[in-house]
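After the structure tokens below, expect a handful of questions from me.
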Amino acid sequence: MRDIAVIASAQIPSERRSDLSEIEMVQKVVTGAIEKSGIDRRAFDFWCSGSADMLCGRPFSFVSALDAIGAWPPIRESHVEMDGAWALYEAWLKLQSDPGLHCAIVYCFGQSSLGPVPDILATQLDPYYETPLWPDSISVAAIQARALLDGGRYTERDFAEVAVENRRRGKSNPNAQLTGDFSIEEAMSGPYISSPLRKHYCPPLSDGACAIVIASREKVDELGFAAPAWIRGFDHRVEAQSLGVRDLTSSASTQLAGRRAGARGDSLDVAELHAPFAHQELILREALELGGSVSVNPSGGALAANPIMVAGLLRICEAAGAIHRGEAKRALGHATSGPALQQNLVCVMEAN
Amino acid sequence: MSEDAQGPITMIRTPVDLEYNISAGPDLTLFLRGLKEEKKLYGRRSPNGDVYIPPRGACPVTGQPMLEEVEVSDHGTVTTFCLINIPIEGQELKPPYVFAAIILDGASLPLFHMIAGIAADEARMGMRVKANWKPDDELVLSLESINYFEPSGEPDADYDSYKEHL
Amino acid sequence: MSESSAEILTAPYRLKYSYKRTTGPVIGRFLTDLRDGKITGVRRPDGAVMVPPREYDPETGEALSEFVSLPDTGVVTGWTWVAEPRQLHAMSTPFAFATIQLDGAHTGMLHRVVAPDESVMRSGMRVRARWAAERVGMITDIECFVPEESA
Amino acid sequence: MAELCAVIGVGQTKHAAIRGDVSIPGLLREAAFRALEDAGITFADIDAVILGTAPDQFEGIMMPELFLADALGAVGKPILRVHTAGSVGGSTANVAASYIESGLYDRVLTLAFEKQSESNAMWALSPKYPFQPPITSGAGGYFAPLIRAYMRASGAPDHIGCKVAYKDRVHALKNPYAHLHIEDISIEKVKASPMLWEPVRYLESCPSSDGCAALVLAREEVADRHSGPKAWVWATEMRSEPMQFAGRNQVLPQAGSDCAKSLYKKAGITNPQAEIDVAEIYVPFSWFEPMWLENLHLCEPGEGWKLTDNDETTFGGRLPVNPSGGVLSTNPIGASGMIRYAEGALQVRGMAGDRQVDGAKVALGHAYGGGSQFFSMWIVGSDKPS
């Protein structure tokens, strides 16, 4: 495997409803990441983006985003209809596949403010048997949370602790949206959205965007970049979707991806987990066997800011950022997609 | 619903009905307000001097933010066109109609709109046209404020003058 | 015109379409049987019965075609309470989304449970299908499940 | 490339306006099983699945790879969903090839599909969306003015479009998978068909299809052990440019030209006109054949229509183009690019049946999308690249 590092990233603060158009959001993060990387815009060997059309209800939303990045002269470019974390995987693999390529930029954008996101996500389900009932994404997550409570290993207090902790940590993240000092009691007495999920255990609806630059060892050396976050393991796995055919209390795909990426929970300083719902962090911690010494979600995670199609790549940006700032030697970024943690990705990075 | 209530089910209808609230963003807002409130066409200048209409959030060529707003003429040249003979679901216009790329005077790339005021087979590349606006009290936040473009009476433009804008 | 005075325009948009889905033999069989008031599952090579039936084994992707008739009773294996149904749910009163394992099946089916109130709901509760008055060959031909004792 | 990649399995559905006999999973599995069978393997041998399809509005299912994961035998494996507008079928195969070329995967299944009969293509492509210009005219309305501009610039005679349409429809009669089989096709019939988006006639336009294509790709060592014929991937390439900008040439876009030049260079091809034996090019409206021949440097600028006019783009000609009948005969949008790639692979494997071009050793697969702004291409050969 070739040595590839995350060397720069940029994001815009997550907001309930951004005044910026998609194009402006993308323009800001792409230009921001390029400037931080010190690489000329024309020198990128590969571009890849992630987004989802159904969020705005219009086909080809990524086409207008291409107007924002200065794609002239023509660029080598691709797009996944997924969270940007998978676009990063594609870009990383592209650099693995061709030793002549040295740097790539990945970006993603998503606006939760345009449409009814929980209902839109019901269109991800089985179109014959499930979508006609319109189970929204919060209800689907709530069925998973109930299974966890029924399993007896966790109580609702554990959900509350996760929520309170993430919002508290998010206070130091200038890009976070929903942060503050809440008490466990406050969280546990909040209104139900879909029982047993109360308001505090659910993510905010966010608009956001982020971009990330990766480069080969040759390019890192050429740039004299001081604190690259070397990608040491990168893997993603999927499970069957239907809630009735899998164990909702564990995450087999996270466990597998983590093992293949060499996550080794006890060796990590930081783990940024994409757990939009509080109970999902508990499932992910188990799947990745994270020990008590690991700092989980110092950014506040998806409970503090959850721009859809972006929040996964944000976890990798935040984990890489901890390495760039010298706060971590070894960090993990995780992303999830699909109902109730159906699909999961793990990226393990290390300092020099 | 089954198509045939008696026989085996082979096809079902599954409706989707999702309500969105779409934002125009600052640049399209500038453009659309110009149409409705001032009967004017506003674009923006890009960092390399081109004028984009409708204006957009970034320069497609450089990836940099756009600069100041620029008013563009409502007269222009048809660079190319086609004659639409096919009804489109959700489309209010009745075929046949001429759909054209029009480079407005002062703009650096064409805008797409309909041409009327001529027989459909008289449409041609290089034809000079001007906007036919709706009455002031019927203007809307949309390019529909312009009913269509129609011949302006000016002589046709030289092919060389617009061949870079096809 | 000055930029600062221009409030960003917004407008409603409705993505509304009635998709036309061909079902293929397995889904079509299940929906046809539902219309006729019967529930049909499919057997996996290891003997496990899945309902609703899939055309393939979810673990291996292998094709499946051995149909099995099932009763319309079963057990709630997971649930959540929807206190305020929305228009899309087509339900006028609060209800639960639940996974229901029918008697004789080895997997759960996502559906609705209507109960007097949330306090009645628990995992492990027995339920029975309440059939729609008019059945057309859709998953909603089962209007919902209800607690067995109240059925 | 870190690793060589070969196509060891090709599958496609019988394409049709409505595949009323299958569900969406059933449609994909038909193509997947044919590709697996061709490769002599099963789902269990596959390490990753790469799926491409065009906008989710076509089927009304958001990110359908999620609900399709188990139908495609992807449980416990990576699955990735590519969407690059009309070029998606090609770029999906390119992404799948990069999985192999990275050296991290032995065998990858890649599929691209569209089940257009689930909705209406014109509605799905151009819904009435707030703040967008009111004049929606479908894909034909977008491309017809570009065709007019090409006709003007090249001086091509009017009959070229009809000639291409006739040729591809005759080719389709040799392809059992093609959607349209118009047995009594003639130039006169094309000419007499209704003018939809003048200058584009009905029979010069692509249909709307249900269909899926699938490929099994393998790493060199794995492919070497495979007994059947292989199509070795000599090179893949992609290029994109913005849809509209000042001075953009949409008739012969630079992205397409750059993409082709880079592709040939990577493949070690110095004279594409002489070295490529057969081309499967994305031609949704007949006039795009001469346009793309020029854009792809398969002829001199302004000469594309002459190749067509001189019967050089059919069987026995200098460069047979779309022996499968092309997009004009089969157009499940998301799959159309991959069908081009798949047909090219069949040609160099000598497995193209009645539509086989004699002695084809090197094939070009091409796809484009958006406003002629996304391009993906590959070159496959019977032999390993030198």
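What to note about this one:
For clarity, chains are labelled A, B, C and D in written order, and residue numbers in each chain start from 1.
The definition used in the following text is that contacts are C-beta pairs under 8 Å (C-beta built on N, C-alpha and C of every residue); 3 or more make two chains touch, one makes a residue touch a chain.
Keep in mind it's a predicted model, so treat the numbers as computed, not measured.
Summarising the inter-chain contacts, the pair of chains with the most C-beta pairs in contact is A-D.
Chain A and chain C have Cα centroids separated by 30 Å.
The centroid of the Cα atoms in chain B and the matching centroid in chain C are 44 Å apart. Centre-to-centre, using mean CA coordinates, chain A is 33 Å away from chain D.
Separating the centre of chain A from that of chain B, both taken as means of CA atoms, is a distance of 37 Å. Those residues of chain D in touch with two or more other chains are numbered 20-21, 23-24, 57, 59-60, 70, 74-75, 123, 127, 129-131, 242-245.
In chain C, the residues touching two or more other chains are 8-9, 11-13, 15, 17, 19-23, 27, 31, 54, 58-59, 88, 138. Shared contact sites, meaning residues of chain B that touch two or more other chains, fall at 10-12, 14, 16, 18-26, 28, 32, 59-61, 141. Shown here, the protein chains touch in all possible pairs.
Of all residues in chain D, those touching chain C in their complex are 18-26, 29, 43-44, 57, 59-60, 70-75, 115, 117-119, 123, 127, 129-131. Note for the complex: chain A touches chain D at residues 1-2, 47, 52-54, 57-60, 62-64, 66-67, 71-82, 86, 89-90, 93-94, 96-99, 120-121, 123-128, 131, 235-242, 245, 252-253, 256, 337-339, 342-343. Within the complex, the chain D residues that touch chain A are 1-3, 23-24, 54-57, 59-63, 66-67, 69-70, 74-85, 91, 94-95, 97-104, 124-125, 127, 129, 237-245, 253-255, 258-259, 370-371, 373-374. Every residue of chain A that touches chain C in the complex is listed here, in rising order: 19, 57, 115, 119, 122, 125, 127-130, 132-136, 139-140, 142-147, 150, 192, 194-197, 240, 242-245, 248.
Residues of chain B touching chain C in their complex: 1-2, 5, 8-26, 28-30, 32-34, 37-38, 42, 69, 141.
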